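One structure is given here, and the rest of the page talks about it.
Note that the chains are named A, B, C and D in the order they appear, and that numbering of residues resets to 1 at the start of each chain.
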Amino acid sequence: MSHAKHSAILLISCPDKKGLVAAIANFLMTYNASIMHADQHQDDSEQLFLMRVEWSLDGFTLPMDDFAAAFQPIAAEHQMTWSVSLSSRKPRMAIMVSHYEHCLADLLHRWRIGELSCDIPLIVANHEDCRALAEFNGIPFHLIPVSKENKAEAEAAAWRLFDEAGVDLIVLARYMQVLSPAFVGRYRSRIINIHHSFLPAFDGAKPYHRAFARGVKLIGATSHYVTEVLDDGPIIEQEVTRISHRDDVDDLIQKGRDLEKVVLSRAVRWHLDYRILSYGNKTVIFD
Amino acid sequence: MSHAKHSAILLISCPDKKGLVAAIANFLMTYNASIMHADQHQDDSEQLFLMRVEWSLDGFTLPMDDFAAAFQPIAAEHQMTWSVSLSSRKPRMAIMVSHYEHCLADLLHRWRIGELSCDIPLIVANHEDCRALAEFNGIPFHLIPVSKENKAEAEAAAWRLFDEAGVDLIVLARYMQVLSPAFVGRYRSRIINIHHSFLPAFDGAKPYHRAFARGVKLIGATSHYVTEVLDDGPIIEQEVTRISHRDDVDDLIQKGRDLEKVVLSRAVRWHLDYRILSYGNKTVIFD
Amino acid sequence: MSHAKHSAILLISCPDKKGLVAAIANFLMTYNASIMHADQHQDDSEQLFLMRVEWSLDGFTLPMDDFAAAFQPIAAEHQMTWSVSLSSRKPRMAIMVSHYEHCLADLLHRWRIGELSCDIPLIVANHEDCRALAEFNGIPFHLIPVSKENKAEAEAAAWRLFDEAGVDLIVLARYMQVLSPAFVGRYRSRIINIHHSFLPAFDGAKPYHRAFARGVKLIGATSHYVTEVLDDGPIIEQEVTRISHRDDVDDLIQKGRDLEKVVLSRAVRWHLDYRILSYGNKTVIFD
Amino acid sequence: MSHAKHSAILLISCPDKKGLVAAIANFLMTYNASIMHADQHQDDSEQLFLMRVEWSLDGFTLPMDDFAAAFQPIAAEHQMTWSVSLSSRKPRMAIMVSHYEHCLADLLHRWRIGELSCDIPLIVANHEDCRALAEFNGIPFHLIPVSKENKAEAEAAAWRLFDEAGVDLIVLARYMQVLSPAFVGRYRSRIINIHHSFLPAFDGAKPYHRAFARGVKLIGATSHYVTEVLDDGPIIEQEVTRISHRDDVDDLIQKGRDLEKVVLSRAVRWHLDYRILSYGNKTVIFD
């Protein structure tokens, strides 16, 4: 898709009915919008209409500060849940890690070469392993060790940091701690996790070991939004790779790393490009 | 996607400019259309706007016999190339085959179980091999042998049959004759071929042998619209599968058959569902 | 791989130790065997050695009728479980079906064009749907309806047919009845089933519906040997395909059919080519 | 596969004939070798036998310094081309880069976490872009600018560095200069390149632009040994990914980067694990 420097993206979900596309298109045309992308989806089982529309701000006659007020009547009439974002404002993304650095290294490299359109104000880790990598990339690294005893305090420390940094998105790049419902609730649909299996198979601990024990012929990875139920949130992306009887658990872990990097980075990119709408326990990925 | 029994599909291509989505949505809304799918694409390099919109005819107040007249002013204003189709009218598809029957068998089975929404009034073959399969499926089988000497007559005989049968689409299911420019010109964007390589690699004869000789690690298949230039038309779909040094040419041929079936049948289904727009030497596949 | 008309295939599993490859190679060399393929695998966690070796019978000086007696001392010394097969003797394969005919149609077509090296003495079905397809292919079709009340009798009727026909392999081509432990026990490692999910996810009933409900981004199919535990036997092959939010359950079912056909037919072919060794709950696929 | 710290790997190619497996197995058994992996391949069209065998050095009674002398009679008898390597001796790998750092970053990260079993004594670049990355990883970075005028001198400077460093393998990680036949000849089967297309399609310059212009539905990447003919050497690995009409050239470049990293790193790993034999213009990848 074409990537404009000055565009606005509108994400909408509402009960499905006639005339929604026309209503939105007419609203935008009133202000001389040049639509770059428009994509919608109807979920027939849920009677839901979901839409993403992106338009260039060159020549758009409605100041974006006045957008909400101007759009509100239409949104109210159609019971829309909506948000508008500007491509010129980079989302602020925090990354949480533990020992393994492959997903972090991958994300940081993509960010450095411009694949991920965001700022990364901080990295929070419960172990020291990734400090050098963070510092090489010039990103503040905060160590917050987590134990059974201090879990609540550790989470509180993390969210203070996130609040201060104005974080929009939290990426768990193989962060090996289960987050509390309270934490998850603060950042609903804004925490992306990578799970190293093809969910719903092998949710929970040690998925590669269990995949090996079961004798599967493909292994997978899944990126998803985090909800209160472990490994059960809306799936954003999945990918698999072939294994054979010659692969032992270490081989699965190695092959799986490549899946994890790709599957997590796609989810992050799509989120940063405002291409994901989640509803119920599903996601729509607008292309 | 949802599949309505009574719907209309409009395919449009025109120079890109502002307001096209709104113009079309408003036109349809005027007649109380319930839009089921709408998808558009802008080709920035060609400054082209391409759209597919499908709406239910339940409650649509414009009789479809009057559609052309009603839509013409908008089409003219925006220099649209357009076509409208009714899901209730099944396209008529001819199949041309030679010796190999795997693609034919696959298409006929998909047709029999309802995957392909079309009528198949006839099969034309230059060899006898596939007659039993055609007859089992109750489809008239016409043998038109082709030699260097009779090529023009053979093609003329085929197109008389196609004309009489009112054929909309011709599928070359491993038909091993090169069609003349005259033949191709009569059915522009309406002949689909399967080529047994990952085009543009190994165009022309014996692609599996050449893939083996080159030592590639993946083989492919490509479905495309036929143009005057051999294996050069707009690509509709491609797929690959992995091979190894253990595979000899016979193994490639066998693995390739599975690719050919899948890649050809997808192209045919998309065409029959009016989901393909071709422009220049490319295709847009609306999903 | 090269495919000889007159070859023998030896499959071996035994406790791993030094000298096994040399012992087997020397035995074969004693009789002037020309080895065409040899592949072995060590499962380190089970301390198991598994081997497949295929040699040409041209010039092999040991009559195959005497093979067992000649090989027995080596087998006994190394505690081998072993079997030897001749490529010239075609295995006899029965197919069981219910309503859906896509897997059956696919297997029969592959058999007809020579992809599957076997005889098919009969098809057993609990519904009438596939009779015409069986008869077109000249294969006796036996209807054995199954109900809660007659399940044991129905199974007994089937295995009488299989015994009379000298069946080596039973393929469940979307056969929608759970087989009893007694039935499974008679044909251990000789019943291949296709399950329409990526096992272990969505084992049991209605996997496509549950995959849709969970919002996965890939769907899969799994072929496996049938054991007493439903959908839990050794996995032979798996494959997945991508779906999106645009796909409803019917789309999943359609896309899944292509997976089922490919995944089942690969398992059948590998079994018929004596390329599978199952041990514990796993399979080795020799290539 | 299992990964021993003290093992030896023997790679052999020779004219195919009877008794080769037994000859090699017996030789190793004489010295009490515990074979960990053995895999062979016969190329029927070339009448060639190719084998890789790996055995543990624990309990192996032949000192490896005496291996060549002991094995030479067998090798001579069967006209073998052979090499033996010790898993305890890490190959020395040089990397050549230009502007793009994604392949380099990927290789270095894999090396740091232990995926690539080698030493990396130096990086040679014709541009400055990758210096920081090299230095972060503690690897000497040598800038050797290349122009039309100084090409021969630049190559000579590079190979002096490689000679001093005792380099076994040169990886071109998107190095954007064509190497001279003289250079290639010095390191036959020891230079691995990544080409950003599915060869033989789009060999030469700007493959992503040409793939976009042709309207393909999949893009690919190919790793291969470098020969005197550009993009024509033995293919080691290939992979593809799906694109759509929505992807412009920048999207292809981005999606292609993921392919390039995976395809190059696999080739490098297999080479470092002595799993590749190249013959003619093909490769055998032992698994």
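Simple rule for what comes next: contacts are C-beta pairs under 8 Å (C-beta built on N, C-alpha and C of every residue); 3 or more make two chains touch, one makes a residue touch a chain.
Predicted model only: the values in this text are computed from it and were never measured.
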> Same or different for chain A and chain C, when you check if over half of the residue numbers at their contact belong to both copies?
Replying inline: same
> What is the chain whose Cα centroid lies farthest from the Cα centroid of chain D?
Replying inline: B
> What is the distance in Å between the mean C-alpha positions of chain A and chain D?
Replying inline: 36
> If you average the CA atoms of chain A and of chain C, how far apart do the two points sit, in angstrom?
Replying inline: 42
> Residue numbers in chain C touching 2 or more other chains?
Replying inline: 2, 44, 244, 246, 248
> Can the chain contact pattern be summarised as a line, a ring, a star, a complete graph, or none of these (other)?
Replying inline: complete
>> Applying the document's contact rule, which stretches of chain D touch chain C when the two form their complex?
In response: 2, 18-19, 21-22, 25-26, 28-29, 32-40, 42, 44, 242
> Where on chain A is chain D touching in the complex?
Replying inline: 1-3, 101-102, 105-106, 109, 113, 115, 136, 244, 246-248, 250-251, 254, 258, 262, 287
> Across the complex, what residues on chain C touch chain A?
Replying inline: 41, 43-45, 198-202, 214-218, 220, 234-240, 244-246, 248, 280-285
